[in-house]
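Note that the chains take the letters A, B, C, D, E, F and G in the order they are written out, and that residue 1 is the start of every chain.
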Amino acid sequence: MLIAILLGFIFSLFLVFTGKVFRGKFAILSAAIPLILFIYFAQFIGRISNGEVITEMHSWVPSFGVGLGFTLDGLSLLFSLMITGVGFLVFLYTAAYLKNHKYLDRFYGYLSMFMAAMLGLVLSDNLISLFVFWELTSISSFFLIGFNNSNEASRKSAITALSITGLGGLALLVGAIFLGVVTGTYSIAEMLNSGIDIGSNSYYSIIVVLIFVAAFTKSAQFPFHFWLPGAMKAPTPVSTYLHSATMVKAGIYLLMRLTPVLGAHELWNSTLIVVGAITMVYSAVHTIFRTDLKGILAYSTISALGILVFLIGQGTTDALLAASVFIIVHALYKATLFLMTGVIDLQTGTRDTTVLRGLRKVLFPVAIAGFLAAISSAGIPPSIGFLGKELTYESTLHFEYSAILLIVLIVITKILLLYSGFVAGIRPFAGKLPERFEKVRMPSPLLWMPPLLLAVTGIVFGVFPGIIESSMIKPVVSALGKDGAEVHLQLWHGFNTILWLSVLTIVIGTILYFLIKPTARLEAGIAKLEFLSPKSISLKIWVWFTKFSDIWTNFFQNGYLRSYVSTILVVLIALTGYSLYNTAQFNINFDKFSKVTIYEAVISLIMLVAIFYTVFTRSRLAAVASMGVIGYAICLLFVFYSAPDLAMTQFSIDTLTVILFVLVLYKLPKYLRLSDYKTRIKDGVLSLAVGAIITVLVLEVLAEPVNGEVSDFYANNAYLLAHGKNVVNVILVDFRGADTMIEISVLSIAAIGVFGLLKLRLKKSDQR
Amino acid sequence: MTQQIVLYPLLLQLLLSIVLMFCWRKISWQRVISIVGGVINIAVSAWLFYHIWENGTQIVQAGNWKAPFGIIFVGDTLSATLVLLTALSGVAVSTFSSASVVAARLKFGYFPIFHFLLLGLNGAFLTGDIFNLYVWFEIIIISSFVLITLGGEKAQLEGAVKYFTLNILASMIFLTAIAVLYGLTGSLNMADLSMKVAAIENRGLVEITAILFLIAFGIKAAVFPLYFWLPDSYHTPPSAVSAIFGGLLTKVGVYALIRVFTLIFVGDLFLQNILLAMAVLTLISGGLGALVQNNLRKVFSYLIICHIGYMIAGLGLFTKLAISGTIFYLIHDIIVKTNLFMVSGLAYRIRGTNSMRALGGLYAEYPKISLLIAIPLFSLVGIPPLSGFWPKLSLISAGFTAERWWVVGAIVFASLITLIIIAKVWAAIVWKDKTDFPKRLNFRYFAKLKLVRKTQMIAPVVFLSLVSLYIGFGAEHIQQVSVRVANELMDNQQYIDAVYNNNPKLNR
Amino acid sequence: MTLHEFLYYFVMPVLSLSVIFIVIRFLKGPSIVDRVIALDLIITTGIGFIGAYAILNNKPSLLDVAMILALIAFLSTVAFSYYIQKRNNK
Amino acid sequence: MTDLIVGILAFFGTIFIFLAAVGLLRMPDTYLRISVTTKAATLGIGLLLVAAAVYFKDLSITTRVMAILLFILLTAPVSAHLIGRTSYFSGIRLWKGSVMDDLEGKYQRISGVLKSETDDTPEDNIVHDKDK
Amino acid sequence: MKNRFLSNILLTFIWVALTGDFTFANYLFGFVLNFLMLRMITSGSGNAKYFRILPKVIGFVFFFLVELIKANLQVAYEVMTPHYNMSPGIVKIPLDAKSNLEITLLANLISLTPGTLSLDVSDDKKVLYVHSMYINSREEFIKSIKNGFEKRILEILR
Amino acid sequence: MEVILAILIGVLYAAGIYMILRRSLVKLILGIIILGNGANLLIFLLGRIVKGSPPIIPGDSEVFESIYADPVPQALILTAIVISFGLQSFAIILIKRAYKVVKTDDLDEMNAIDKDS
Amino acid sequence: MKTIILRTASTYLLPVLLLFSIFILLRGHYSPGGGFVGGLIASIAWVLHAFAKGLENTKGLIRIHPGFLMPVGLALAFLSGIAPIVAFDMPFMTGLWYPEHLPILGSLGSALFFDTGVYLVVVGVTLTIIFTITESA
């Protein structure tokens, strides 16, 4: 299985180096990859339907408890087949759709990367590796949405999509980690086997909310749904593959996969039902107001995803069964509709439903595909869509809480979806062919065969539900923790409430179809309410957020060095001051200190005076001179306190520094510009606070006992072992010689720096 | 031979610097020496790492004076890892510099100073003496300062003044802290300090000292609200310089924080909370800053800050798991940030600007380079399984275990914002069509470079990309290293024992 | 009165007083030249200080410092002169 | 006996330094201050150092003291000359009680040339008014 | 050649005196050291005959010390009394001294003596400008300098 | 005396910082130097001060016979002084260079925060 | 500067100061002094010379670029540091001592070579800085 998953990655890597070959007529060869994979997964159908679960384990990062553990059960098999099957058709379709596109090879690269990631996602047993693949789907989706990279809108949509799914991805990561910490494993199988009741864990709600955020963003649930219509900027094969059949279902997959782990809890059920319901109705209503084919399909997709979440939320066996079937239904008809849209777009140059008419005359096979998909979408027998709808109604009707309300909502949704299915799949082909479309030609079979195949499959499954009943649906349901559930799929259920609801749905929907014509006016109408939509609210929040970032950043990073210094000092004062205030013990014993002699006092006084003068004089040169005085005073202090070496060095360096200053200063204007009065007061307070803290700190340290172990060692061994009597010098060249070695390096660097600074003049073109 | 192995990376860099100084004007020699020396350095550092991995912590007593009297160089797993990473980044930047740094700069000592900088970094990682650490910090400051100003015009000088002042301020605070520590214990050896500080009764003083260290290293590590020097200066020097700065300079601050707060000042709750608060604000502030920039290198600069937050968060959480996350992130970040700044240099060389508004068209013109750039960019985001992803596992787990929700929140926030920013960067420099940014006169555009120079610019990016791919895909190895480092750090007795029990042949 | 007391109670205080006078001149200026002279004299007096202090503490090694002071002090005067002349030439 | 000699030397040394300090404070113009300080301080230091040499009675100390004195004797007048010259050059006026100024008009402002006689390039000559 | 040799010897003595180590090895070391150093720095010329002038040098030193103390007392009086009794000014002194060394020595000694300060030497080395605290008459002052310091210095150096 | 020195050190720190906060680059660097002096004195004082006993083993003995000043802080300060000298000289030259390029030593005029550049 | 007095004085001060600097260097191990201060004094000697006689004269006298002293000094210090490793497999900077007591220097050891390296570096650095800045003044 590992190879199967990696195949896509390997192929995309392969394309990096051999891309040119796959840009032309050989492009179609790449469809071999999904085909092989489809066949590979198809061969497991038998084993899986016998209740077998195939697992495979590859060690990866055991330190994190992260392995490449793959599980092939009903659920993952269903998804794998969808991914590779639809994938195969999309690959074929693309070869014609983007024929001779200069980046066709890259497109295939991203597409197969996506496919591989998606397979990894659905096959992973380990939550972290699931997350890894989850993110890879987001990234490949990012590249695909932005495929028309010259188009700014396309780039923006890609970023939006990545941001939203990225948010979800992080939520998944955090949720997964929390789950991992709580259960002690990242393996879903082990979580189930461990028997830990996560529902009663105090972190349950946090974890569930995180998982929800992940699933909702990926599966475009309200209010995170708005990235999906934007993602329609991508080429149609992408919309088909990622944004209807596979990737958006990853969230659904996640919810289904975790149902046995986290489900059967009130929070789980009610949240999913509410969010699913809102999403499905909200988006279904939206479809009425769209005129762009892809726009209609995008919203109907969101609505369908809402239905799935709604069903998973119910969590009953019936509901999960309905969800399983509906996944297949939706994949088949939505992929068809998208591919069909692509053909129409390519051949007519428009996707505007207000102008598209009568295309059946020129694009007959496509019209058939569209029609079949439309009835499947509408839930009209004998399509499999009917089956899906019946199961949905049934489970909703039997749901234990608020069944009436829920059934009303789902019926409304279904009616609207019928409408939109008809608008997308039938309207472009019905009626009279306008003049402008008379010259439309039949495209290559590569373009019309895939949608037709998908559409026909939908009918075949509808007529013979047995094909999928035990081979696919039953294993899925059992994978969802409903082992041994009765699964029986059939078109005819007899005359019951559900059937009447179906009839109602079909009738009202059909009436709507004839009543409401998609018009630009309608679209403009909804646009007025746009400011209330999650999209514009998010956008507004984003704008505010960016503004805030700007203010925040410029507040701190204002370019003024002294404001930086001030901030740092404020932190220093606050922290040390707080600590001093809390812990200081003023047990300073003044007797321990040496007494003050007059000369020490005078030198200190002079130093003080010189400091003040340096600080307050307006002449630079006078400041330099008086800094010299400070230095000489310190030098004398060093002499008094037994540090002749220091005194010498201090004095020489002080003198040299003065010389350097003097050599530099004469170029500068004589006097300084001063800050205003208020600033000076503020700075003064700040500096004095630091000074005070330092003084107090020093006095406190002086009150502590002295430990002379190290210096005694130096003193005792300076002559005996290191052959020197000036202990300071012995320390410098021997005991701590390494310091000195570095120090002379520092000096050399400084000199090189000065040399470069003054001598190096770069040409304008060489700067930076 | 292996007795002194801890010192070999240092001695090698020093030797290189000296030799390069002797070759003052012979810049073609310098290029060769620097690159060949860099390769040898990798070998030496790898040897050191292997040796320490096999035999545990190694020490060298400079001057053969035993602890705590002489200066001790200690190679534990953390040090060895960082030395190895420095070597990897170093050779990449050497190579990149050979092509991207103009000859005029090379004639004024670029390479010797570059190797001095590497020397300083290695020294800081290996020393076991707190004052010696200060001295290494100074060599780092001065060499980075020279590199930042070399041939500098207005923007560069402005940046340099801020860089200089705030780093000097940090050094002063560091020095003050050392003085206090010496005043309290009479010692400078870090292992010795570890024991002596633990025995001090006046805990308040210890806490204040720790705060001083925190601020000093915090400035170097560029944590909130001490990072201001960084965004104002990192975008100004040549990209090769930014690369080594971006990759390693702030990390020395992080290293110092880790070392000091796991060895000397352990278990102060107040400080841990401060660290966590700083980490959270760093993650947020860095992210916000990066969001509003339009200069590629400024974006990366703010991202440096942002991501420092991860490492500080791990240190603040102070559990083995968290520390291992910090270490993993450190390893990842060094490689990726170095690479990113080289990428920015590449972009600059291609288009003559780093403004994201003016950049663009890489996708059409240089598809392979675009793909190459994707590796560091998305590693930075932590798109799994690229390298930035793994440490977040540890950090988030640790945050969860400690019930520090705001830390987890900040980590998530920073990850998300990084993702958005990198997506923007990608869209702006790779996807967007070439802009009508005016051609610069006499500018040596990438396309005009000789093949060997082109190779010298691309090869290091490829090299570091491979390394970061390894970090991502071979995460198990890196995680083993991180866990071992975390174990060593959380048990400071191990360090102390290594320093004291290792008797050299001549026992004075 | 011993020599020690003499140094302690007379020499050092008088030298201190001298330094204060010099510093006053340093502060008063009025010209930069006056400050330079004062600076020079502070160093010179410093040499005296060190000499007396060496006797007082019986530490001849301190005279080495005096030696350095005597040698180098002159250079800052040279530099200042150089500066002032250059500035006037400007 | 030694102590007495040391004491006397130290006494005079200190006094001369003190005089220089007072002179520096009191003298009315820069030239006079230079004049006063160079001399008094040199002598003062000399005496103090000799006191030290006598006190330690060590040849190496004595030679060191001699070296210091040599340095001072070499450098003090040179620096006095430099700073005095600079003062004049930068336009510092003589005290109002000064009786003559032979330097008037001899320095060339731009070239820095010092002539021995006043010549006919008055615009470049440095002339300052006496302090009124 | 001779001049350099003498400088070398002189410096060797200074060295030995400085180190306070009067051994043969130290003389040798000092000699070699100074030889090397002189070799490095020697550029100009200027001859001096050390042996002939040595007694004169000693005599001059005493003369100078006396002058020094005398003048210092004068200054002391000036400084300590409340009123100024001085009549300062800048005087131009024509030079007999010709070589740089002669001029410099003269100027320095004048500066060292209290109350007088050599301000500068004209570029043609013809005159020395001296600031003095007590100028009763220009001629008298010039004569005192020329007969005092200048004469003695020239005696020693020529 | 320790108290006086402690206060003096505080004043040096305060003065250094105050000058770093000024507008002039020259003052800023003077501030850094003063701060450095403060730090050196701090090390010196915290190593505890001893009057008139340099850590130089007297003429003919092999070890100290009387008290001596702690040589370690002295060695540290020496290193710090020399390092600061390197940094300072570079900084001072920077004033010159900055003045040449930016035409001012006024720091308030050195604050480009253009997001594009 | 155009002053004969300073120029002449500096001619005589230069050797004295240089001599003195070496003196300070050599005795560092026993008395106050050492490579740093020694180097500083030597540099000051040259700087003084440059002030008095002009930079070109001084440079002509030194002949080599002072910057060259930096790698030389560093190399000397470096070699004395690694000598113990190379020769005796002892740690970096282990003091190596010539067993006999020598005149002037006292004990001769690697520390002296190290200090001489320091001296050269300090001279090289200081002169490079001051000469460069004077040239570009």
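The working rule: a residue touches a chain if its C-beta (ideal position, glycine included) is under 8 Å from a C-beta of that chain, and two chains touch if they have at least 3 such contacts.
None of these values were measured; they are calculated from a predicted model.
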Checklist line | Where subunit B and subunit D overlap in contact partners, by chain label | finding: G
Notebook entry, point to check: Going only between touching chains, how few steps reach subunit F from subunit E?
Noted result: 2
Notebook entry, point to check: By CA centroid distance, what chain is farthest from subunit E?
Noted result: A
Notebook entry, point to check: Between A-C and B-G, which chain pair is linked by more C-beta pairs in contact?
Noted result: A-C
Check: At what distance in angstrom does the C-alpha mean of subunit B lie from that of subunit A?
Finding: 26
Check: So how far apart, in whole Å, are subunit A and subunit F when each is placed at the average of its C-alpha atoms?
Finding: 49
Margin query: With centres defined as the mean C-alpha position, give me the subunit A-subunit D separation in Å.
Written below: 78
Next item on the list: Send over the residues of subunit G in touch with two or more other chains.
Entry: 1-3, 5-6, 9, 16, 20, 30-33, 36-37, 41, 44, 47, 67, 70-71, 74, 78, 92-93, 95, 125, 129, 132-133, 136-137
Checklist line | Numbers and ranges of subunit B residues touching at least 2 other chains | finding: 14, 17, 21, 62-63, 131, 135, 138, 142, 145-146, 149, 152-153, 161, 165, 169, 176, 180, 183, 186, 188, 232, 292
Item checked: Of all residues in subunit A, the ones touching two or more other chains -> 557, 559, 561, 565, 597, 601, 640, 642, 644-645, 647-649, 652-653, 655-656, 659-660, 663-667, 694, 701-702, 706, 708, 710-711, 714, 721, 725-726, 728, 732, 734-741, 743, 745-755, 757-759
Check: What chain-chain pairs meet the touch criterion?
Finding: A-B, A-C, A-F, A-G, B-F, B-G, C-D, C-F, C-G, D-E, D-G, E-G, F-G
Check: Which subunit B residues qualify as touching subunit G in the complex?
Finding: 1, 3-4, 7, 11, 14-15, 17-18, 21-22, 24, 60-64, 504-506
Item checked: Contacting residues of subunit F [partner subunit B, same complex] -> 16, 20, 25, 28, 32, 35-36, 39, 42-43, 46-48, 72-73, 76, 79-80, 83, 86-87, 90-91, 94, 97-98, 101-102, 107, 110-113, 115-117
Note to self: For a test of understanding, state which residues of subunit C touch subunit A in their complex under the given definition.
What the structure shows: 8, 12-13, 15-17, 19-20, 23, 26-27, 29, 32, 35-36, 39, 42-43, 46, 49-50, 53, 59, 61-62, 64-65, 68-69, 72-73, 75-76, 79-80, 82-83, 86-87, 90
Margin query: Looking at the complex, which residues from subunit D come into contact with subunit G?
Written below: 67, 70-71, 74-75, 78, 81-82, 85, 112-114
Note to self: Quick check: in the complex, which residue numbers of subunit G touch subunit C?
What the structure shows: 1, 6, 17, 20, 24, 31-33, 37, 41, 44, 47-48, 51-52, 137
